[in-house]
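Below: a set of structures, written as structure tokens.
Next, two complexes with chain A in common: one pairs it with chain B, the other with chain C.
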Partner chain A sequence: MRISKAHAIRCVAVNVFKESVRDRVPYNLVIFAVLLIASSYLIGQLTAGQDVKIIKDLGLAATAVFGLFIAIFIGIGLVSKEVERRSIYSILSKPISRPQFVLGKYAGLVLTLAVNVAVMTIAMYLVLTYLTYTESVEFRSAWDAPGVDPRMLKAIVLIFVQLMIVTAIALFFSTFSTPLLSAALTFGVFIVGHFNADLKNFDKITESRAAVWLARGVYHLVPDFSAFDVKTEVVHGLPVANGYLVITTAYGLAYIAALLIAAIVIFSRRDFK
Partner chain B sequence: MMIGRNLLLAVGLACLCLGAAIGLQVVRDTRYPRDQAELALMYVRSPEALRRIALSFDALAADVYWIRALQHYGGDRLSKTKPHKYELLYPLLDLTTSLDRYFTIAYRFGAIFLSEAYPGGAGRPDLAISLLQKGISAQPTKWQYYHDIAFVNYWQLHDMASAAKWFRAAAAQPGAPNWLEPVAVSMLVQGGDRKSARFLLQEILKSEEAWLRRMATRGLMQIDALDAIDGLQRIVNENRPPAGQPYSWQWLIRSGKLPGLPTDRYAPFEIDPATGTVSVSPKSELFPLPGKR
Partner chain C sequence: MAPAIRISELTKDYWIGFWRKRPYRALDRLSLDVQPGEVFGFLGPNGAGKTTTLKLLMQLIFPTAGQAEILGRPVGDVAARQRIGYLPENPYFYDYLTAEELLQYFARLFGYSGEDARRRAATLLDRVGIGAERRSVQLRKYSKGMIQRVGIAQALLNDPEVIFLDEPMSGLDPLGRREVRSLIIDLREQGRTVFFSSHILADAEALCSRVAVVAGGRLAAAGRLTDILAFQVRGWELVIADLRPEALARVTPQVRRATEISPQRYALELSLDVPPERILSDLVATGATLVSLNPIRDTLEDFFVQRVAEMGEGARDPDSRKYAPGVQEATREDKQSPRD
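Entry: the complex of A and B
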């Protein structure tokens, strides 16, 4: 029986999504909603009128953190778990190629993340809508940005693209490493990715040309995660150019493509005998 | 059925244990009360280090430090026993505004906490100005920061020339209200008087921010108290007690110069028995007054 490439990828992706639901991943959405609703009340008592700002900060940070944990802890097991369980043999004996398998696994986890991010976004907007309409017009006019501000979606888009990169990194490591090592490596890349802008300016602290070029090379090689952080700007209603959003998203997608190709190449060459 | 009964028993036992733990905790807290003093400690004081530790969650970390700054200020202000108050206030505000450079309220509210005379605030107008200048470097067109520096110069430092300079700078920013320029002129022409202060505070009273309105209300009450002190001082000077007797309100009341004990909204005014100098009571919410002008 022949099935189309897209259908094969979709089958794997849907299975990953169903598995994540079976693994009770959506529970984090309930925690997120409770966290936001409870904190919106508590924060109002503590912050001298800054509750909306803090709910936005908390909502965006929680979306990023919950997504990061899902991306890393599910991503690292995507391939290695199948290999450990030996279920890879039965999967690859079906009309699914190895690249389709890798792409399907990736698409499934991205789908899980998309659902998570979408639900968290809706929950955050609901809390913000409630806070906005329970405050007086005079009070609201003192806010840097409206409570229900569509510009926050820009930050959410970049958080989602960042999570897609983290998923691709976790999947990449998962194709040749153990889950524990993959988690450590992915988390390490995530942290280094926040600091790699420093490598760009390495020439200011050393005169060695070789060191400068090496640092510049690492700067381009490691994903630049700090570029995906526009949370502060959107919370304060500061402009984030559409061009910046497009270029950063395109950068992320290009990086993901490179990682997936590398993951496919490694996985295709693996011998499971 | 047995399973259901066992489950019930287990849940009951767990509740009993938890109840016992809570009871013991209450007994321990009553018999051996622990020191409630806040641990005046900041593990990380370097904004740069903290920004790195926070990864991309620096805005959230700023919120945490902002809440801590509020708790620190409120706790120290209410404390009657703490010897050195507000020691961590500036470092906390500095961290908050370094983690989130656009945290307007932290600059403005923080400047009020820092500039207000001790013990109502930290009594450090210099740090208040430096915090606001940091805000200006983050958002150079935010007229509120210039206005607040002018206000600190005027209200706490009584430096009318600097206040006028900063009011003028505030007026030059886009979106600034048109009353700033006349205030700047008034500072220069009159050297700052209570009329200008009252006008300024009444403008602040129109603010959307509840805390600014509270601060302006208190400022207006302080001006009323200053006016009252001037009036009382005049009465005292014109009605000196017989030789050998101390200055007192009782003497003035008995001689019909005052209808009763003069008070601000919170406590009676004080009179120095030796010199007759009238002042606001340290017990009053208005103490200390920003200085006679």
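Entry: the complex of A and C
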């Protein structure tokens, strides 16, 4: 029986997705929907003219934070849990290579995140549609950007690419480390990545050459997560160039490719005692 | 005929210790051939290197030296796994899946399409005795014995030519053990090669055409059960009926042990240096009748205990197997293990 390489990856990915559903990951969508609907009602009572902007801010931030928790807390267990519980023994004795297994695990979690982000996006647009059509035309004209603004999708695409990078980082650490250490390292990289631009200009605040070189090294090693944050721009109706979107996405994909290759190399040489 | 499994000088060292790492030899230059259609027993005490060998054959770990082939392909060849089944020791499966879902998932990895995968899973679950009412229950609710049955089912999903079973009877009740024995016999009749590790010698004795005994990471013995045990006759058992007390008293000095089975019916155990013909003719002359005369052979257990003891302390105590190249070389020269 001839089996394509993609077939094994797909099988593993579907199983990861099934696992996340059985582990009640979709419950976060309910929390998200409740949070969004409740806050839109409350904000509508408290502010005048700012409610749509705040809902957009809140919706995008919640999409990023909920996704981040899923990417880290499922990502760190993707491989290490299999090794710890020894389920790796039976799966790797099947006609699947170690690289296919790693890629399948990654694809499965990205699929989970994609569904999650898609449902959150739909929920956010539904709430924004409701707010738009319940406000008067005069009121709407005071907004920086239309309530139902397709440009928000640009921010969502970049949030999703950022989540894909975080997943790849978590998976990378998960191939050789314990879940707890992987979580700490992934979270650490995520935080440092948000302040990456500051590391580039470290020579302006210190004269220590060693510190500057170290900061430069970290700057080149850790992804610049601040590049993926265009929430403020889209909420205020400022332009986000398509070219920027493409280049930032390509930058993210290059990072993911490098992380997955490193994860595959480490995982392919590992002994499962 | 090319062997189904060829293991050549397979060696595995682990590095143990936290600060000062030191090598520990789990498997030392193991060489074995297993022919197609054989049921091969891989025996040894705990910590002997059985599971290490199986993990090397599945490429779950990488050898320090040596090589192995399965069906003429190097271990780790993904395409060859299409023809192999493997049951790990104390298996664990995704506990959020049901038995049906797990087998369907694995069947898809073997290339079965949706309906075929469902049918294959159902057939295998029938075969290992997991009824329809248990199949849709998540595996986290299964007992150890039930998981073992699922493990056996997943090892047979692809109708493999070579099946590796690591302690297949572990966790099974007597009924389950009997079912697995009969399953292995079925596989043998279908011409499959079965390589199973065990420390339950009765299973090996009942099922295997050949066995290998490992101890201390080294091969202690390998061969046909009939060859290993046939020459180890250590006496005779004579079962006699209508044996009167005075006749019994006459032969008692030459008998190692006399056990009364029923009135006037005795099992007499003779040592190897007492010819059974002479005792038999004496007794028949007193009116006794012969029921049976059988040689008393060493059991596999006797053989196993003897060989493991011969391998020395290192065989029993894995902690004493810190690898020191000079010592290992000397040991090898001094005590060349019988090879296949």
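Going forward, the second predicted complex is superposed on the first by the 262 of 273 C-alpha atoms of A that agree within 3 Å, B and C clash if a C-alpha of one lies under 4 Å from a C-alpha of the other, contacts with A are read in each partner's own complex, and residues count from 1 in each chain.
Simple rule for what comes next: a contact is a pair of C-beta atoms (placed from the backbone, for glycine too) under 8 Å apart; a residue touches a chain by one contact, two chains touch by 3 or more.
Fair warning: this is a prediction, and the values are worked out from it, not measured in the lab.
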item: Clash-or-fit label for the pair chain B, chain C on chain A; value: fit
item: First, second, both or neither for A:L46, with chain B first and chain C second; value: first
item: Touched partner set for A:G217, first chain B, second chain C, both or neither; value: neither
item: Angular separation of chain B and chain C about chain A, which is computed from CA centres of the superposed model and rounded to the nearest 10 °; value: 150
item: Chain B versus chain C as contact partner of A:P26, first or second or both or neither; value: neither
item: Which superposed partner A:R85 touches (first chain B, second chain C, both, neither); value: second
item: A:K18 touches, of chain B and chain C: first, second, both or neither?; value: second
item: Touching partner for A:F272 - first (chain B), second (chain C), both, neither; value: second
item: Distance of closest approach, chain C and chain B, by C-alpha atoms in Å; value: 22
item: For the chain C and chain A complex, residues of the former touching the latter; value: 14, 55, 58-62, 78-79, 81-82, 84-86, 88, 90-94, 96-97, 101, 105-106, 108-111, 151, 154
item: Partner chain A, residues of chain B touching it in the complex; value: 52, 55-60, 62-63, 66-67, 70-71, 100-102, 104-105, 109, 207-211
item: Contacting residues of chain A [partner chain C, same complex]; value: 1-3, 7-8, 11, 15, 18-19, 22-23, 85-97, 269, 271-273
item: In the complex with chain B, residue positions of chain A that touch it; value: 43, 46-50, 53-54, 57-58, 60-61, 64-65, 138-139, 141-142, 144, 191, 194-195, 225-226, 228-229, 231-233, 235-236, 238
